[in-house]
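Both complexes shown next keep chain A, but they swap its partner, so chain B is in the first and chain C is in the second.
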Partner chain A sequence: MGAVNIWEKMLNLDRRWIFLGIGIISIVFFLVGFGMPVTTTKEVENIFDFVNELGPDDAIFIGFDFAPGTQAENMPMAVAVLRHAFHNNIPVFMTAIVPLGQGMAVSALNYVTDPAIDGHYERVLFEDWADYREAGITNREDIIAAWERDGNVLPEGALGWVFEGRDYALLGYLPLFHLVILGMTNSIETQFPVDYHGNPIGEMPMLKEHKSLRDVDLAVTNAASGACTYWITYAREKIGLPIAFGVTGVMATDYYPYIQSGQIIGQMGGLRGAAEYEVLLQENGITATTDKAFRGMDVQSAEHIFIILLIVIGNIAYFAGGFHKKTRLKGRG
Partner chain B sequence: MYDTIGIWVGALFTLAIYSFLYKENPVYRLAEHLVVGISMGYIIVLIYNTVILPKLLEPIFGGNHWLLIIPGLLGLLYITRFIPSIAWLSRYPIAFVMGTGMGIGFPLTMKAYVLRQLEAAVIPLYSSGMPWHEVLGNIVMIFGTLAALIYFFFSKPHKGLFFGTGSKIGIWVIMLGFGATFGFTVMGRISLLIGRIQYLMGDWLHIIE
Partner chain C sequence: MKRTVPLMIVMVGGILMIIQYFIPHQYSLIVFDNYLEWAPIVGAFALILGVGSLTRLHSHKIRRRAKNWQYSWAVLIPLFGMPFFALIMPESLGGGTDVHGVHDFLFMHVQVPIQATMFSLLAFYIASAAFRAFRAKSALATVLLLAAVVVMLGQVPIGAIFGRWLPETGLWILRYPNLAAKRAIMLGVGFGMLATNLKIIFGVERNWLGGAGK
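And now, the complex of A and B:
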């Protein structure tokens, strides 16, 4: 009887003890930081390799299709791809399917161009290099040469310049985004006459070279909802635009069939997918260190071990206590 | 200065939300209501600034694009839902959106979600030079798909070798799918916690990088 009571107590454990355990493990593993290795998977490598083959003459879309609620998962993957694009001088269009995603795009850009972070990119706003555009200087190398000739020096710790309108355009959010994608297959400018800051898109050199999605080489949608499939339906199937997904862990299994069918080139699933991309960036010398997703993987691994242990203990208690022979557990109406 | 205030507000509201893990309390409810209210307020202002103002009001009053009054009025009909006597008028914009959505989306949606997936399931089990693990993967994929489909075939009793055994295998395949989804869900939820802990210990307390 006494033994059964122990099993009963185990099965009816107050869930707050589990929350406490998870909280303590999170804090301890962040403080200690074991740096457990993260191996990369084919799904993430495919995205990395695809982006790595692109250059200044190409262009990609990065979709910030998530709200702050899933920032922890989606932001690191978006930041990693943005860093990769800036490193390879690939022009980037930043969009948002959801209203709050626009703020996420701004945050990602601020983070990658934050002067306080070693390995940042120095941002030059659209109006700051207006004179060069008026003088007909739109080639990236020429812009940098003229910019530095005018006395601008790349700050210590910065990896390079990024010019708004040449290297990136923050297009922002529009409602009914599936129709926006459809419209962009003909013209990006008709859908976004001005960018997030109100700059006229038509005056941006990157828009002159990439007028529609047909002139774009890849769209990476970092999403927290099924809206990411808009890109497959309205861009992939209509004009054959290569698509890559960065999705939350909860969604990841739903989209594996699209990899198998070849509708997406790859997928970053949850924090793990983002950590893999960070590892690939570091291994290929694009960043000096990994970032937040990788640092979180120690905690992730420890938490998973803890949860597995709880499941094992719960099952032992269930069978050892003989509860599999009863219709319900004691103490649970 | 503003950044510091923002970080403190974020940290305190994170703690307020997590206080629910102990038990529901007024601080949690305050934080919850503020999240909903501020998000809605933000979205309304955002949509006004990104859609209504530049795509409707400015072109009409600044550019003399008077035809835009028609979609503008059609959009306003949505609001008639709040007036019971003329609520039926809201069906017109809904019908318009549904109709155009179906017309535009149906062919591409069929192609993306049905035809491509069917095409991807029609693959050879084996061809020369194919590595053994790929052969195994193809077998599992094809027979797993068929078994899962048999489980959802309700016009015949699930008895006998084909329907009985097939549907049992189908259940296993579906359960494996659920298991994988559950694993990813656990990972996802823990990831969200990790994000918050990084914020609290890094941005707020500066204990970690």
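And now, the complex of A and C:
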């Protein structure tokens, strides 16, 4: 009787103990990282290799299609792709399917161009290099040469210059984004006459070279909802634009059919996917270190082990306490 | 009239857009461009309707001192406050959407932490739910339990400690059995959507008309 009580107690464990366990594990493993090695999968390698093949004559879209709730998972993957693009001087159009995604895009850009972080990119705003545009200097190499000739020096720790309108354009959010994607298959400028800051995008050199989605080489949508499939339905199927997904862990299982069918080139699933991209960036000398997603994998490892232990304990109590017999009798009755 | 006009608009619009998609002719593109211009305008009216009805609902709750009426202020103040700070308040006073403005401050220091906190609570509830739900009560439940454990361990670096087979088995489950099940579900949902859309376009399904459909 006494033994049964112990099993019963274990089965009915107060969930506050579980909450406490998760809380302590999260904090401890966040503070004391072990840096366990993350192996890469072909789903993420495919995206990395595709981006790695692109250069200044190409262009990509990065969709910040998530709200702050999932930024722990979605932000590192968006930041990793943004860093990769900046490293290879690939022009980047930044958009958002959801209103709050616009703020996420701003945050990502601020993070990658934050002078306080070693390995940042030094941002030059659109209005700051207007004189060069007026003088007809729009080639990236020429802009940098003219910019540095005028006394601007790349700060120590910075990896390079990024010019707004030449290297990136923050287009932001528009409602009914599926229609926006459809519209951009004909013209990006008709959908976004101005960028997030109100700069006319028609004057941006990167737009003059990439007028519509047909001139773009890849769209990476970092999403927390099924809205990411807009890019497949309206861009991939209509004009054949290559698409890559960066989705939350719980969504990742949903999109494997799109990988097998070739409708997306790859997928970063959850924090793990982002960590893999960070590892690939480091292994290929694009960044000196890994970033937040890699650090988060230690916490995730510990939490998964904790959850599995709970499952094992629950099942031991279930069988040892004889509850499986009761369930069976109940089921037959 | 109340019923026929909306049904006709849906039928003509629906058929036109189906035909347009498959005919890449110049006139077809003109129809398409017009649609792209008009749809967001129509959508903007829905926004007005949404904000209007939300305001009406919560202002009524406050006036009538309905249950939990205080929370209605938490809806109405940000609903009008955020656009005010972003669009109306002068930049000299911290208005606009710049990094140093009130709007950006509230977004970064109120909205972002609130949403991140809400979502992170999932980790706690998932752990509790996994403890209670994953029981080997039957053969199928045992398969689900084992698959969950293998995928969970395979997805994190610590899983490799048990051998390469574990992450590889986890990936195999995701790439094949999971894919097959998802594809079956997606096809079912897809055909269902197609059938429903055709029923709406041809006026067979009229629930979307609300009371007017009866």
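Criterion: the second predicted complex is superposed on the first by the 326 of 333 C-alpha atoms of A that agree within 3 Å, B and C clash if a C-alpha of one lies under 4 Å from a C-alpha of the other, contacts with A are read in each partner's own complex, and residues count from 1 in each chain.
As a convention for this text, a residue touches a chain if its C-beta (ideal position, glycine included) is under 8 Å from a C-beta of that chain, and two chains touch if they have at least 3 such contacts.
The model shown is predicted, which means the values in this text are computed figures rather than measured ones.
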Touched partner set for A:Gln260, first chain B, second chain C, both or neither: both
Which of chain B and chain C A:Ala146 touches, first, second, both or neither: neither
Partner chain(s) touched by A:Ala320 [first = chain B, second = chain C, both, neither]: neither
Chain B versus chain C as contact partner of A:Ala227, first or second or both or neither: neither
Contacts of A:Ile239 with chain B and chain C, given as first, second, both or neither: neither
Which of chain B and chain C A:Leu154 touches, first, second, both or neither: neither
First (chain B), second (chain C), both or neither touched by A:Arg295: first
First, second, both or neither for A:Ile27, with chain B first and chain C second: first
Chain B versus chain C as contact partner of A:Ile305, first or second or both or neither: second
Touching both chain C and chain B, counted on chain A across the two superposed complexes: 19, 22, 26, 67, 69-72, 100, 174-175, 179, 182, 249, 252-254, 257, 260, 270, 272, 300, 303-304, 307
Residues on chain B engaged by chain A in the complex (per definition of touch): 21-22, 39, 42-43, 46-47, 50-51, 54, 104-105, 108-109, 111-113, 116-117, 119-120, 141, 177, 180-181, 184-198, 201, 207-209
Contacting residues of chain C [partner chain A, same complex]: 29, 32-33, 36, 39-40, 43-44, 47, 97, 99, 104, 107-108, 111-116, 118-120, 123-124, 126-128, 130-132, 134-137, 145, 148-149, 152-153, 155-160, 167, 171, 174-175, 178-179, 182-183, 186
Of all residues in chain A, those that touch chain B in their complex: 16, 19, 22, 26-27, 30-31, 33, 67, 69-73, 75, 99-100, 102, 172-175, 178-179, 182, 193-194, 229, 232-234, 236-238, 248-254, 257, 260-263, 269-272, 292, 295-296, 299-300, 303-304, 307
Interfacial residue positions of chain A with respect to chain C in the complex: 13, 15, 18-19, 21-23, 26, 36-39, 41, 67-72, 100, 103, 106-107, 110, 174-176, 179, 182-183, 186, 196, 249, 252-254, 256-257, 260, 270, 272, 297-298, 300-308, 310-311, 313-315, 318-319, 324, 327
